[in-house]
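In the two complexes below, chain A is the common chain; its partner is chain B in one and chain C in the other.
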Partner chain A sequence: MRVRAQMSMLFHLDKCIGCHTCSVACKNLWTDRDGAEYMWWNNVETRPGTGYPTGWEDQEHYKGGWQRDKKGRLKLVLHSKGGGVAKAFFNPALPELNDYYDPFTFQYGDLFNSPPSEQQPTAIPISKITGQPLEISSGPNWDDDLGGSDIFAANDPSMEGVDDVVRAQMEEIERVVFNYLPRICNHCLNPSCLAACPSGAIYKREEDGIVLVNEEKCRGWRMCVSGCPYKKVYYNWNTGKSEKCILCFPRMETGQAPACAHSCVGRIRYMGVLLYDADKIASSAALPDDELLDAQLDMILDPHDPQVITAARAAGIDEGWIDSAQRSPIYKFVKVWGMAFPLHPEYRTEAMMFYVPPLSPVMSSIEQNMIKLDIPDERRDFELMDELDKARMPLEYLANLFTVGDSDRIRRVLRIMLAVRTYKRRQSVDGVIDEATLELIEEVGLTENMVEAIYSMTTTPTVDDRFVMPPYHREMSLEAIGDPLTAKGSTGFGTIKPPRRGP
Partner chain B sequence: MHRRRQRGGERLRSTLLLFGLVVMSVFVAVATGSSSSPIAAQDASGADLYEANCAGCHQVGGEGIPGTFPPLAGNPAATDTEYVAVVITDGKTGAIEVLGETYDSAMPAVGGLSDDDLDAIVGHVVELAGGESEPDTPTEPVGPPESGDIDSGHDLFIGQDRFDDGGTACASCHTAGEVGNLGGSSLGPDLTGAYELLGGQAGLSAWLANPPAPTMTPIFSDRPLTDDEIADLVAFLADAPNQDRPSNDVDWFLIAGIAGLLVLIGGMAIAWRGPRRTYVETLRSKR
Partner chain C sequence: MSTNDVLFGVLPYMAATLAIFVGVVRWRREPFSVSSLSSQLLESRKLYWGSISFHWGLTIILTLHLLALIIPSGFEWWNGAPVRLYLLEITGLALGLWAAFGITVLIVRRFTSARVRRVTTGMDHVVLLVIAIQIVTGVWIAIGYRWGSYWGTGVFIPYVRSLLFFQPEPEYIDPLPWVLKTHVLSFFAFLAIFPFSRLIHIITLPLQYFFRPWQKVIANREPPADEYISNEPRTKQFN
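Right, the complex of A and B next:
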C-alpha cells in the first residue's frame, strides 16, 4: 500500500443553478490575458449538450484518454509511441480554434455613433482576435439552457443507449429538460495529458495530486490538448505554451478554497482530501469497462483505518492532512454515502473530481389543459421514489456520464436523495415521521443519523463544512530554503516571471 | 490568428531591421577598416609603409623574387615618380621586362593610402630604385617547405581544418578547383589560376605569407598563415587547374525535385481546400 493524498472537489449537481459565477471568478483570476481569451479552465455546460469545446466527449474525433487493448494493456487513444513521432508535426486530432470559439466582444461604438433612425442601433459581435465581424454558431454556453436543441442536445454522445421514445419525448417542448455540468480539470490519478506530453512538462504534484504544466519545459507540442479526454488543457497562442486549471494551488496553499468553489453561489462545491493507494493505479485503470468504477472507488482508502494511517505516516503524509482526510466531505459523499461518481470513468484517467447526480421532475402529460404527473395518486408524497424511470432526465443518460452506463447506481443515489428529502419534509411539515417513510429510509440503506448528516452536508453546510482545507505548511518548506523573514513586508513568496515563448 | 500574424510581422520587421543594421555596420567597418588599419597609419615613414604593403612580394630591399616578382632596386622604370604612383594606386598586370628578365604576374592596387602615405611610399621606392641594385643586407625570402599536401590544402581551403592562428578559411571568399558541389564563395576572385598568375611556388608562397590585397591584409596581418599551411595551400592551388569542376550543365535532379514539390503542394491544395470542417459543421451536416 502506497498512500498518497489528493485534493478533490465535489459538485452537487442537484444544487447547481448554472449561473457561471465559477467560470467568471476563474476567468478573472487566471485567464484574463492575451492568448488565454478562449480558455475556460472552469466552464459550466448545459446537459444534454455537446459542451465545450464542442463535442469534447466524442473521443472518436478528439482521441483523448486511454483505451484497453486486446491483451488488456492500457494504451493512449491518441497514438502509440511510434505514431506520436510520426504525428509530431501534424496532429489531426487537435481541436482547432473554431472547435472552441473565436473569442468575441461587441462593437459598442456603434451604439453611440449611429445616425438617428427608426430602429434601435445594435452592437454586432466582433472577433477579439481579428477585429472582424463574426457570425457565432458555437462556443462555451452557446447552447446554454437549450435542453432540446437539435444540434447540440441531439448530438450529445452520452445520449447513446437512451430509448428512442424517451429521446423523442425529450425533444417535445413541454418535456425539455436540462441540468448543468460544471467542469474543471479532473486532476486525474492516471492523467493521459501527462502520458501524451513529449517534453515531460506535465507532472502530478506529490503532496496534493494537482496536475500542472511546467511552463519552462513545455515546448508547445499540444499532445496534452489531444490527450486529455476532458479537453481541459488549452494552448496559449501568445506564449506558445499549454495551460490548464491549477486547482488554485496558490489559494489552497494559503488555506483558501479554489476561486470557483469559493465563489459558488449555489454552494454546490465541496473541497477535501482523499487518501488513495497509488499501487493500484495501473492495474485498476486497465480493467474491463464494467469493473472500472468499482476499482477506482476501491483505491480510495478509509482515513480512519489504523493501517491506512500508519501507511500514510510512513509515506510522509502530514498529520494535518490525515486529520483533514478524516473530516473530508468528499470522503463522506463518495465512500460513506456512495452518492458521488467521477465524470466518465470509462476514459480510464481515474478522474478525481466527483459529481452527485441531479434529480429531475417527473414526466407529465397534459389532460384537459391540466398537467398530470405520471405518478399514482397514493404515492404522490414519495415523488419519483418508485418511478425513477419516469424522471425527465433519463437515468441512462446520467449513467453514461457518471457510471459507465450502470443506471442502477444512479437510481440508488437518486433514491437516497429523495428519501432524505421526504424524511425532512415529514419532519418539518408534518412534525411526525410516518412508518412508510422510515421503511423507505431503511430500504435505501440509510439510518436516521445518516439522513441528518446528508441533509446538513447538503442543505445547511458552513464554509468550513464544505471546504476542509489541509495545512500546506508552506512556511516550513520555505524555512528549509531560507529565512522566511527575508520576505517580510514583500508581496508573496518568491518571484513570478512570465514564461517566454519556446524555441 | 491575425493578431499572431501581426506579431509575427512585427518580429520579422524588427529582425530585418537588426539584420540591416548589422550589414550596414559591416560595410562601414570594411569601408573604414582599410584607412584605419595600422599599415596606413598617419606619420608612418615611407620605409614602414613599404614594408607593410610592398615587401611581401618585392622584398624589404626591393630585390624582388627572380622570375616572379620584379625587383625595384636598380629598376629604371621605378625611378619615375608618376609611374610608380600610378602602379601603386591602380595595380599592374601583363608582361613587363625588367633588367633583361620577363615578369608576368599580377599586382593588386594598394587601397586606403592617403596622399601623404602614397608620397612616402613612392619616395621610398624611388630611393630603392636609384640605390644599389645589390642591397647591403639582402633578406632571405620566407620560404615554405617545398612540398605541401594537396588534400590538407583542400581541407584548409574549405575550412574543414582551421588555420592555426585563426585566419578565415579561403572558401569564405574564394573558390578554386574542386571544392564540393556548391563551390566556394564568389566574393573574391576564383583562385583556380592563381598559382600560375602569381608566379608559381615562390610567388604564391610570398603572397600568402603577407597577402597584399586590401581586403585580405586586415584579416591576415594579425593571423598569419604558418609555413606548413602555406605549403599545403600552394600545393592545392597548384593542382587546382587539373581538378574537375562541377559541371554547369542543367541539373535535372534539381528540376525534377522542384517540379515534384509543386505537384505535391498542388495536390495538397486540391485535397484540402479551405479550412477543416469544424465539429459544429459536422453536426449540422448530420442533420
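Right, the complex of A and C next:
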C-alpha cells in the first residue's frame, strides 16, 4: 500500500441551477487573456447535449483516454510513443477552433463615435482573434437549457444505449427534461493528458494530486489536448503553450476553496481530501469495463483505518491532511454513503471529481400539453421509489455518464435520495415517522443517523462543512529550497513573468 | 580577403556562433518562449497539406545531406552503378518537390487565413523566405546541375569538413555558379536566424518521450535532510 492524498471536488447535481457563476469566476481569475478567451476551465453543460467543445465525448473522433487492448494491457487511444512523435507535425485528433467557438467581443467604440442619426447605433460583434466582424454562430453554451436541442441533444454520445422507447419519450418531452453538468479538469489518478505529452511537461503533484502543465517545458505539441478524454486541456493560440485547470492551487495553498466552488450559487460543490492507494493505479485502470468503477472506488482508502493512517504517515503525509481526510465530505458521499461517481469511468483515467446524480425532475407525462405527475399525492413518495425506471431523466442516460452503463447503481443512489426526502417530509410535515418510512430507509440501506447526516450535508451545510481544506504548510515545503521568510506574504507561482509569445 | 572568403569562410562561423550561443541562452533563460507555436487550432485543413509535406520532405533531405557528410564513401559506392545514381537523384528531386509543395501551401496559408495572420510576426516571414530560397535553389540544383550527389562529394564535402576542422577553404565554393552559392549562403542565414525565431523548436524533438514512464508525479514536500541534494523538485515515477 502506497498512500497518497488527492484534493477532490464533488458536484451535487441535484442542486445545480445552471447559473454559470462558477464559469465566470474562473474566467475572471485565470483565462481572461489573449489566447485563452475560448478556454473554459470550468464549464456548465446542459444535458442531454453535446457539451463543450462540441461532442467531446466522441472518442472515436477525438481519441482521448485509455483503452484496454486484446491482451488486457492499458494503451492510450491517441497514440503509441512512436506514433506520438511521428505525428508531431500535424495532430489529426486535435479539435479545431470551430469545435469550440470563435471568441468574440463587440465594437463598443461604434456606440460613442457614431454620427447623429435617427437610429440608435449598434455595436457589431467582432472576432477577438482577427478583429473582423463576425456572424456569431456558436458559443460555449450555445445549447444552454436545451436551446436548439434537436441538433445538440440528438447528437449526445451518451444517448447511445438508451433504448429507443425511452429516447422517443425524451424527444417528445425534450423541452421539459434536462439537467446541468458542471465540469472542470478531473485531476485524474491516471491522466492520459500527461501520458500523451511527448515533452514531459505535464505532471501530477504528489501532495495533492493536482495535474499541471509546466509552461516552461511545454513545446506546443498539443497531444495533451487530444489525449484528455474530457477535453480539459486547451492550447493557447497566442503563447503557443497548453493550459488547463490548476484547481486554484494558489487559493488552496492559503486555505481557500477553488474559485468555482467558492462562488457556487447553488452550493453544489464540496471540497476535501481523499487518501488512495497509488500502487493500484495502473492495474485497476486496465480492468474490463464492468469492473472499472468498483476498482476505482476501492482505491480510495478509509482514513480512519489505523493501518491506513500508519501507511499515510510513513508516506510523509502530514497529520493535518490525515485529519482533513477523516472529515472529508467527499469521502462521506463517495465511500460512506456510496452516492457519488466519477464522470465516465470508462475512459480509464480514474477521474477524481465526483458527481451525485440528479434526482429531480422525477417523472411525468404530457397530456394535452399539460405536464402531469402520474401518481396520487398520498402514495407519491413510495410509488416513486418503485417507478424510477419511468424517471424523466432516464436511468440509462445517467448510467452512461457515471457508471459505465450500470443503471442499478444510479437507481440505488436515487432511491437513497428519495428515502431521505420521504423521511424528512414525514418528520417536518407530519411530525411523525411512520413504520412504512422506517422500513423504506432500512430497505435502501440507511440508518436514521445517516439520513440526518445526508440531509444536513445536502441541504444545510455551512461553508466549513462543504470545504474541508487541509493545511498546505507551504512554509515547510519552501524550507527545502530556501529561506521561507523570503516568500512571506506570497503564494502560488513565485516570480511571475508575463506570458509573452516567443519570436 | 575576398568577398568569397568573407561569405564562405567567416560568415559560417558567425552564424554558427549565434545559433549555438544565443540558442543555449534562450533555451536556458527563456524556456517559456520555446514552442512549436503551432497554429493548427486556428486553421487545420491547409496545415494538413502544408505541414506534413514540408516537414517530412525537409527532414528526410536534411538527413541525406548529413549522411553524405558523415559517410561520403558510402555515397560514392552507391553511385558507382548508374541505376542507383538515378534512383538517388530522382528520390532527392521528389523530396525537394514535396517540400516545395509544402512550403507553398504554408505560405499561401500564412497570407490568406485571417486567423493565422493574427499570430504571424515579421520573423515568421523571414523564416519562410529563407527556407523557400533554400528549397527553390535546392530543386533548381537537382534539375539544372544534375548528379549533385555524385560531384557534390568532391566539392561540398571537403568544404564543409574544412569548416568543421576550423581550417576553412572557401576556395572550393568560389568557382561555383551563383545558384549553388545561394543554396549554401541561405543555410548560413538559416543558422543565424535559428535562435531568434520559431526555428528553435527544431531542437525540441521530444526523443525523451521514449525513455520516460507514462506517468509522472512530482513531490514538493520537504524531503528528509539526507535526501536534500538540489533545489530541483524530486521526481517520482511509476508504470
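The definition used in the following text is that the second predicted complex is superposed on the first by the 442 of 503 C-alpha atoms of A that agree within 3 Å, B and C clash if a C-alpha of one lies under 4 Å from a C-alpha of the other, contacts with A are read in each partner's own complex, and residues count from 1 in each chain.
The rule is short, and it goes like this: a residue touches a chain if its C-beta (ideal position, glycine included) is under 8 Å from a C-beta of that chain, and two chains touch if they have at least 3 such contacts.
What you see is a predicted model, and the numbers here were worked out from it, not measured in a lab.
J.: Could you check whether chain B and chain C clash or fit when both are placed on chain A?
T.: Overlaying the two complexes on chain A (C-alpha atoms) leaves chain C and chain B clashing.
J.: Return first, second, both or neither, reflecting whether A:Trp237 touches chain B, chain C, both chains, or no partner chain.
T.: Both partners, chain B and chain C.
J.: I'd like to know which partner A:Gly255 touches here: chain B for first, chain C for second, both or neither.
T.: neither
J.: Check the residue A:Pro121 against both partner chains and state whether it touches chain B (first), chain C (second), both, or neither.
T.: Touch status of A:Pro121: no partner.
J.: Would you sort A:Leu97 into first (chain B), second (chain C), both or neither based on which partner it touches?
T.: In the superposed model, A:Leu97 contacts both chain B and chain C.
J.: Determine, under the contact definition given at the top, whether A:Pro288 touches first (chain B), second (chain C), both, or neither.
T.: neither
J.: In the superposed arrangement, which partner chain does A:Gly84 touch: chain B (first), chain C (second), both, or neither?
T.: It touches chain C, and chain B stays clear.
J.: Is A:Thr130 touching the first partner chain B, the second partner chain C, both, or neither of them?
T.: In the superposed model, A:Thr130 contacts both chain B and chain C.
J.: See if chain A has more residues touched by chain B or by chain C, and give me that chain.
T.: Counting contacted residues of chain A, the larger count belongs to C.
J.: Applying the touch criterion given at the start, work out whether A:Pro53 contacts chain B, chain C, both or neither, answering first, second, both or neither.
T.: In the superposition, A:Pro53 contacts chain B only.
J.: Name the contact category of A:Gly445: first (chain B only), second (chain C only), both, or neither.
T.: Neither partner.
J.: Residue by residue on chain A, keep only those touching chain B in one complex and chain C in the other, then list them.
T.: 95-97, 129-131, 237-238
J.: In the complex, go through chain B and note every residue touching chain A.
T.: It comes out as residues 1-4, 275-276, 278-280, 282-284, 286-287.
J.: What does chain A use to touch chain B in their complex?
T.: For this pair, the touching residues of chain A are 50, 53-55, 58, 61, 95-99, 129-131, 137-138, 150-152, 155, 237-238.
J.: What residues on chain A touch chain C, complex-wise?
T.: 76, 81-82, 84-85, 88-92, 94-97, 129-132, 190-191, 194-195, 198-200, 202-207, 215-222, 235, 237-241, 278, 281-282, 316, 476-477, 479-482, 497, 499-503
J.: Which bits of chain C are touching chain A when the two form their complex?
T.: Of all residues in chain C, those touching chain A are 30-42, 44, 47-48, 51-52, 54-56, 114-115, 117-119, 121, 123, 196-198, 200-201, 204-210, 212, 214-223, 228, 231, 235-236, 238-239.
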